[in-house]
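Paired with subunit B in one complex and with subunit C in the other, subunit A is shared by the two complexes that follow.
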Partner chain A sequence: MSKYVEMIRIRFLMMLAYRTNYYSGILIYSINIGAYYFLWNAIYGEKASIEGMSVLQMTSYVAVAWMARAFYFNNIDREIAQEIKEGKVAVEFIRPYHYLIMKTMQGLGEGLFRLFFFSVPGMVIVALIFPISFSASGITWLFFSTSIVFSFIINTQINLLTGILTFFFFNNDGLIRAKRVIIDLFSGLLLPISFYPGWAQQVMNFLPFQAISYIPSMIFTDGMTGSAVYNALWFQLIWAILLIVPIQFLWIIAKKQLIVQGG
Partner chain B sequence: MNYVAIFVQYVSQYIKTRLTYRVDMVIEMMSDLLFQAVNLVFILVVFGHTDFLSGWSREEIIFIYGFFLVPYAIFGAFFNIWDFNERYIVKGEMDRILTRPVHSLFQIILERMELESLFGTFTGIGVMVYAGYQLGLDISWFDPILFILFVVGGVLVYGGIFVLLACISFWSDSRTSIMPMMYNIGNYGRYPVDIYNQVIRFILTWILPFAFVGVYPSAYFLGKEEWYSYAFMTPVIGIVFFTISVFVWNIGVTKYRGAGN
Partner chain C sequence: MENIIQVDTLRKEFKSYSSRSGLKGAFRDLFTRNYKVIPAVKDISFTIKKGEMVGYIGENGAGKSTSIKMLTGILTPTSGSVVVNGMNPHKEREKFVRSIGVVFGQRSQLWWDIAVQESFRLLKKVYHVPDHVYESHMNHVIESLDIGPLLDKPVRKLSLGQRMRCELAAALLHNPSLLFLDEPTIGLDVLVKLKIRNFLKEINQKYQTTVLLTTHDLTDIEALCERVIMLDEGQIIYDGRLSKLKSSWGEGKQIEFQFADPKIEKLNLAVLTNDLQTEWTSGNKKNVWVANVVNDEELISEVIARVVAAHKITDIKIHEITTEEIIRNIYEEGVIQ
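== the complex of A and B ==
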């Protein structure tokens, strides 16, 4: 266990060494959230609310969705694909840790770094510039924190799955890109799921993606309250467990039919 | 060897490598289509809740999106330099580039090209034709010429911005998260700039002139006369930005110290 904690720490320190550019990153994020703010204002026009969300809730939703993304987002699918292509993965197999857990921990180290040095200061700046509604209740914050932990887990699991598929396709850039686009759209990062037409919402209820962005953002903006929050957290938990199955399955097959292309 | 011959050589090599991984190539094209669809879905869903975006109708916004796709596809095919920092500076690959007697930026563009992106131009034109038909737009004889000029301008704007961003790596080789975010900011040029406040409008027009790869040139085809002067400025802005970026690149290369193994 301690070796995995060490991996988180090392990745965190590695990110810390390159921290200067994150300040410019905050600026870019703020421009991004700002542009969204005006876009949504224009979309709302005279309307007080759309699908039960006020324009204030909507801008808060956008801000928190992007800031939470900095935490759960990682490139481990790309890293895994790269290591498979370069043949480095063969060495990883003989090292005394589980390759996939190691990758997850590195992702977590990166995520924690961005949470503290990017999301939190970024959110403060954005809240100063744009009207954003924060929930005052501690319980909402508790639910929100639980929920972004699940966001990280589920997003990472999907990344692992995409990464492992490189074992079978050898070159995987297309799939990695497709995955990214699908997550942007179906996770609720760009649009709250409740804005979609009814049939699309039905379909998305059977997919794990809304657990990544929609659920935490809705909890944060009080768009989800009462029993809906519990249902949403159950939804996240169940998917987090379910996704272990295909990962484990593909991992076992991949190990058996590993072809090292180089290295 | 002149630059054209080198270009042809690279393209033929590129096609060979792509054909080795056919499944991936198909997936990549589909993921491009998916990416284009995502933005269309965004527009459609939004207009499911409103009829006008500060006076612009759904078809007009779709038209702008269609136009945007054309320069964006060409940009995507040739300016795949979003990971320039990691790939060339941190790993020291730039050393290899600099030993060769061809302009370094030209080599990198060739090495990183992704020709399958060009497919997006067809999608873009398709979307424009659909939206234009719905709007009942007329086409005059010089419109295709202006279209090409505006597209070239748009590609140069995009290329210029991303080359400038890549240049940052020459001075500071730390990792940056700016590039991927820039793709998002590029999207805001596709909406009527009058919805934004002065600051963002100014940024999108003069600092990161993404509005010239979307709303301004499209405004001409949509007959929005108040934006005509901006529309005709598109090629000029493109040339100016791209020239600046090449200029900065040339200075930047002299500052490169080599970081690799």
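== the complex of A and C ==
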């Protein structure tokens, strides 16, 4: 286990090695949150609420959705694809660890780094500039924390799946890009799921994406309360377990037909 | 002595497709592709004993890397069996890789953006090396390879020679009983090469580490290995002592004369040595002629004596046929006697 913890530490060091990325990240996220804040203010206009959400809830939703994204988001699909394309995956196979767990830990290292050095201070700054409602109840914070852990797990699992597919397609930049757009759209990052038409909401109930962003953000803004929260957490847990199946399945096949490219 | 590596009728086939020509062909490729099965390694068998240092040589595409990848558990064999350190590399991968060290000359296994010592620290955790073992063993390795001053630098700032020494140290961090080196000296200068060779010899003597070395630089092989395994088109064409290869293939010597008189011709020389077994060929410079003779002291002396007595010379050299030439000859003729 200590090797996986050590990997988180290494990832911290790597994040620190690239400071420019870190600073530009802060800028990009602030611009996004600012833009959505003004956009939603304009859409609401004089209306008190849309689809049961007040403008204050909405702007809090946007801010927390982006800050949570800093934690769960990672590029391990792209990294896996690159390692396969460059043949670096050969080196990973001569190490006594599980490649996918190691990748997950790298993602976690990256996520924790951004959570502490980016999301938390960022949220404080955002709260100073824009009016945002924070829940006072401790239980909401507990649910929210549990929920973003699942967000991380599910998002990482989807990334692993996309990454492993490179073993079969060799070049799947298109797929990776498509996955990113789908997650931004269907996870509720850009628009809460409750704003979609009824049939689309029905469809999305059968997909894992809303577990990534919509559920934690709704919990945080008290848009989801009571038994709905429990149902949402169950939804996340079930998907986290379900997604192990295709990953394991593809991984076994991938290992069998691994071709190390380039020498 | 026990066998460290045991390979029996090992085979690896790759499926590849060939593209049809032209635009029409490209459209047809969208729907159906011509697949071809290409064997990269064809039923090879060999064993390596503990403590041996074996050179594994072959042209590009001879199947060296593919077989090394099967030995290290990266690739699954199509058929045949591999037993390394008493384990099947692919089946028991995590347990198996603890017992081996690998250096790929062409790709780094250190983490690019962080200091070398951080990579070492991670590897120490990965291989569960206890502190006291790490201290005594690694201090020695770091000293022998002279990488102490490099430890706090990020890998991307190291030169190739510096990086290669660090890679070697990283591969030996858990003191494996078997070391695979895939072109470890590629692109390195003479001094670094010497340092690496001496270090490998020392490790081999001290810990009885078995080394399988792949390289295109035959001086590496000559300096380190007594035994060579030669591969060509996926098959083993020679497996035995390097000295035997040299004695059976490199028997002759070449005596190179540079004459003062520019009018010397092959005929003049052939007449001189017509009762001796000598073959004259023109050298690569003006006025230079080469006598190819068998390795026999009296014959060599006699040829030199006669030539020097008859003609003025400005330079004379005696060449032994190099391993490189031997191997080139073998590949050109494609067989081993």
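Criterion: the second predicted complex is superposed on the first by the 252 of 263 C-alpha atoms of A that agree within 3 Å, B and C clash if a C-alpha of one lies under 4 Å from a C-alpha of the other, contacts with A are read in each partner's own complex, and residues count from 1 in each chain.
One rule holds for everything that comes next: a residue touches a chain if its C-beta (ideal position, glycine included) is under 8 Å from a C-beta of that chain, and two chains touch if they have at least 3 such contacts.
These figures come from a predicted structure and were not determined experimentally.
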Which term applies to subunit B and subunit C once both are placed on subunit A by superposition, clash or fit?
fit
In the superposed arrangement, which partner chain does A:18 touch: subunit B (first), subunit C (second), both, or neither?
both
Please work out whether A:29 is in contact with subunit B alone, subunit C alone, both, or neither, and reply first, second, both or neither.
first
Contacts for A:91 in the overlay, against subunit B (first) and subunit C (second): which applies, first, second, both or neither?
second
Is subunit A touched at more residues by subunit B or by subunit C?
B
After the superposition on A, what does A:50 contact: first (subunit B), second (subunit C), both or neither?
first
In the superposed arrangement, which partner chain does A:175 touch: subunit B (first), subunit C (second), both, or neither?
first
Could you look at A:6 and tell me whether it touches subunit B, subunit C, both or neither (first, second, both, neither)?
second
Scan A:246 for contacts with subunit B and subunit C and give back first, second, both or neither.
neither
Considering only C-alpha centres, what angle arises at subunit A between the directions to subunit B and subunit C, nearest 10 degrees?
80
Based on the superposed arrangement, let me know which partner A:197 touches: subunit B (first), subunit C (second), both, or neither?
first
Identify the partner contact of A:185: answer first if only subunit B is touched, second if only subunit C is, both if each is, neither if none is.
first
After fitting on chain A, the minimum C-alpha spacing between subunit B and subunit C in angstrom comes out at 5
Would you tell me the residues on subunit A in contact with subunit B in one complex that are also in contact with subunit C in the other?
17-18
The subunit A residues in contact with subunit B across the complex are 17-22, 24-25, 28-29, 31-32, 34-35, 38-39, 41-45, 47, 50-51, 169-175, 177-178, 181-182, 184-185, 190-191, 195-197
What does subunit A use to touch subunit C in their complex?
2-3, 6-7, 10, 13-14, 17-18, 86-88, 90-91, 93-98, 255-256, 258-260, 263
For the complex, which residues does subunit B have touching subunit A?
21, 23-32, 34-35, 38, 41-42, 45-46, 48-50, 52-54, 172, 174-178, 181-182, 184-185, 188, 191-192, 195-197, 199-200, 203
As the complex stands, subunit C meets subunit A at residues 14, 65, 69, 72-76, 93-95, 97-98, 100, 102, 104, 106-109, 111, 113-114, 118, 121-122, 125-128, 154
